[in-house]
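Take a look at these structures.
Both of the next two complexes hold chain A, though its partner changes from chain B to chain C.
On to the complex of A and B.
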């Protein structure tokens, strides 16, 4: 048998192949398939001419449209910047108090700020800004470096203990590990520090408290202040409020005094624009319910 | 022609060879010429190589399959640039063998994660992601804290990378084990060698707060903290493009 032979039963052409006496009917590919095949080939030839396509070994064909996705994204960013400039220019030009007094701008700050906070800050400080162990609660109003907008903006810009040149630097020493205080002294001073807070336990060993106060005056007051209310120039926390970064229970405070802490807040100067940092400052202030 | 084809398709080996020849034409014409084009990879002289510790971290990243959920490629799209930073340049993965661009984001892109968060955050997050990000679906990797990083074979890893084109020097290869330790121990005698060989900008510190030994956590966090910081060419280019747009 060969091509052109007809199947004796159906009268249809066969392919001409034969396997042990069995032949196959000839059912050609529909014409529409060939039609679209040629259309796609035609499309690709047009596309090769218009768009970057063929590698040539030393360069590539750039296409007569000169399309470059890098230029496209740049112009999209510029376009978006121009669209937003209606309000970014106002935010740039106004001081914090004036922006806070403008409900329309604050609505924008809240919307843009929520996105910025979610993308950059929320993984440490929590989606609602409530923080966690080692990551300060931004809603508590217990600012380490000051709660003025300028102070918060500066912290955002340079960070704390960050690789930035002008970074804020702060360190809680390892009083136990470095042998500055012995165990009994640590016990006493932890008891004293606990007695300062609003939730201080009622019963105290007065003698131990007095010893603790002495240790505190000699070792802790330099940074945390005589009254233990902290020092915002040094980023030393207020020990008399209810806010604790690393935990306020006896175990946590002991561990803090023993091995110290040096938390790190990244610097955002490279990642975020001044406008974005200003929006975040206002957003963060909004979280703590402070309107200045 | 029809006669030739009739003969060819009746010859199994011949037909297979013919298919191989036809299929490889596409590769030769479309893929091979790409290898010799220089202009697609930016020329950046300050591009640095991974330190042995960072390379070890990279190997852990591959071993644990991080690339299955995290990409390392910020595409040239507005939303990605606004969220993650300047789009990735080809040169930034010049020394990535294999590259870890990824193809899927269950988690966020990590191309510029370096320096975005603190070491302590990375350790807490890898130990149990839910401790810091309540809504996270990422698995825990707590054993990285317990596993001691194997460092005695890092010289071989560097050598393997050199074979595929990463410019590690003989000195780097010879000191790989010490450098891995030195990078986690800034006060040790080995730390100065790391800065000498890999540049002053190298991040030398204990990444997991346990300075007594090199753990896999040290290695992985060291790697994560360098991502996007092997060169600042992308930031420079973005700044230039921004200026030009104004």
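On to the complex of A and C.
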């Protein structure tokens, strides 16, 4: 290699080549580069000896530590399961009331339940369980299917209108679209429904109200009950409380009665273990303040 | 520009464009019930538009043979402008997806505008549109100068540049229609892949032919890097995209690989795309424009050699670090991790070589924002490769993987390294190419530098924070052995960082817009023209460049 001029700044020689004005210095490779090359390669060799590393046709070098990621994760899972079983076995074995009476277990229910709820339910019911349009508020105590732990556990297991053999089925008919009721009847019955709630404004049109009550008795009472307090066997909501899934203003109720609804609550039997569903049941009950 | 083509080249262009339009027609007919048909129409429109451009000057007089004594820079010029254009588009898409992550309700609720389609449009527009065009344009410029040889013909450089942009357009249009083969950075479907293969082989042949004509006894290191970029990307692209289309009338295809082999092939491709597209090519850029601009010799010729071979050899093994703790056998992960660690040494050697080259020119770095772009790029290159080797360590990866830390790492590389070295090189090359004394406005370059730097820093810090918080939240357990946080809580925790990231990205985008304006003003004659521009003008000496007949 021919050697060129000396660079005045560094005192190094150039290699003697020049490409459109660019030259290169002959500076030797700094020692530190070799040092780090040595260190990293040494580390790699040690690591290869210890760990599974090089392929040998049908097998591979296993490494003298005998480390295997699948075995590790399996043993970690087993270990974690064993640790948890201290309390999971108690939750599995005890009935709801007994668990609710045990502050130590309830602490776990709250911790584990919050995460389970956040990961599985919050998308629809909201992080605090307060729901939103189309998704019921689980904190209000206004249950569609009942507030007993067994009822909630069953809802979680089979879902509502879900693709599960035993799913709970419920439907609010589309009275308007299917031509069961005409426009005026809908207006009347909506006015009647509005008059039932706790905050109902004083009725101004007694006549319309009476017509509405009649429509209600003929078409709605079968599901929502004579007193409109709902039917927990059919999942038909109480229309006299302040709690609404789809909204309690005139327009929302009209749209409910006109086009109907069939809310979908997934079934969790395949997704969550019985223990997890039990924890969630207790957690949901806690949300509505019905712990005691 | 067309007038600079010989009559034969003009005829060839029209024939090739007609053939392309025919191919488009075939696609449009065969795929009429499929997005493939829309792609066919795009190809027809694209070729028709270019046919008009060529026909407009088809009968212009034969250009003077004198031009063959000079370098051929028209394709480089167009490539630079296209690169800036894609930069603005791609970065605007980036700001959009960043905003969507911070405020999901900002969506306009159309299928094409969904996050899943905008994201690959962003990555492809910046990597392939912005980065790719800059690589092609600068590679033409650099290889001619460092070989002291004109490009061998005038047709094939255009074929490569324009064909490549057709690929980018088809890719982007496909994402908006939902066409993807679901391989990260290799999303375009089989027909786009075949087209890119043709273009890429033409690129390789062009490069080799130019090198074969060189008047310099030695091949300059920048050319090694460009060549490694072209060669390896060809190999990666062909292997990773092996697939069987559902039919010739459908966009959809099925990969030749499945399961863990598919994952490994994809990340062998993915990581080497980072290595040879986003690193080797840009190192080529750096090795030319940085010493040129600094007016300093390369610090160490030997360091260039060992880092080149170190990077080339070591990167090939590293892909499996993207698949730690997966179904991939552990021994493959071990190899990926250890080679990633050794890789740090040649990477830092390159960064160090670049920075040490600036010895004796630090006053220029202080005064000249263009050189400062390149200096900062070398620093970010060092930082990103250090971080990459660190993230490749399995236990570290168990925290960082699937989190925004990866995104922070990528953007330290993509913004800090790739984009900064590109902007620096563009600011250097634009006045040289267009024979201007300097860029239209040095102050705007200065503004761009600070916007880009602060945007990068804000972005990267936001993602480091968000990523580490995510990683920790996802692995925090209660005393009872259950997870403490739900996923949605980690989303809530990220919100402020997502806003910060969108802001940092916006600054970076503003810089790119300013840069585009500055480039356009410079080339449209708002900057003083010069006959022979300073130090970097081609060796006009007629003897230096042989006047061979063009293709």
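FYI, the second predicted complex is superposed on the first by the 215 of 292 C-alpha atoms of A that agree within 3 Å, B and C clash if a C-alpha of one lies under 4 Å from a C-alpha of the other, contacts with A are read in each partner's own complex, and residues count from 1 in each chain.
Note that in this section a residue touches a chain if its C-beta (ideal position, glycine included) is under 8 Å from a C-beta of that chain, and two chains touch if they have at least 3 such contacts.
Only a predicted model underlies this, so the values are computations on that prediction, with no experimental measurement involved.
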Kindly classify A:271 by the partners it touches after superposition: chain B alone (first), chain C alone (second), both, or neither?
-> first
Of chain B and chain C, which one touches more residues of chain A?
-> C
Could you look at A:80 and tell me whether it touches chain B, chain C, both or neither (first, second, both, neither)?
-> both
Between chain B (first) and chain C (second), which, if any, makes contact with A:64: first, second, both or neither?
-> neither
Between chain B (first) and chain C (second), which does A:55 come into contact with in this model arrangement: first, second, both, or neither?
-> both
Using the touch definition from the top, say if A:33 reaches chain B (first), chain C (second), both or neither.
-> second
A:124 contacts which: chain B (first), chain C (second), both, neither?
-> first
Common ground on chain A, meaning residues reached by chain C in one complex and by chain B in the other = 54-55, 60, 69, 80, 119, 122-123, 127
Can you list the residues on chain B that touch chain A in the complex?
-> 30-31, 33-34, 36-40, 76-78, 81-83, 85, 87, 115-121, 124-125, 131-135, 203, 235, 241-242, 244-245
Can you list the chain A residues touching chain C in their complex?
-> 7, 9-10, 14-15, 17, 19-30, 33, 36-37, 40-41, 43-44, 47-48, 51-55, 60-61, 63, 67-69, 80, 83-84, 87, 108, 111-112, 114-119, 122-123, 127
How about chain C: which of its residues touch chain A in the complex?
-> 145-146, 148, 216-218, 220-221, 288, 291-292, 296-304, 306, 325, 329-331, 333-335, 337-339, 341-342, 344-345, 348-349, 352, 356, 359-360, 478, 480-489, 535-536, 538-539
What does chain A use to touch chain B in their complex?
-> 54-60, 69-70, 72-78, 80-81, 119-120, 122-124, 126-127, 132-135, 163, 263-266, 270-271
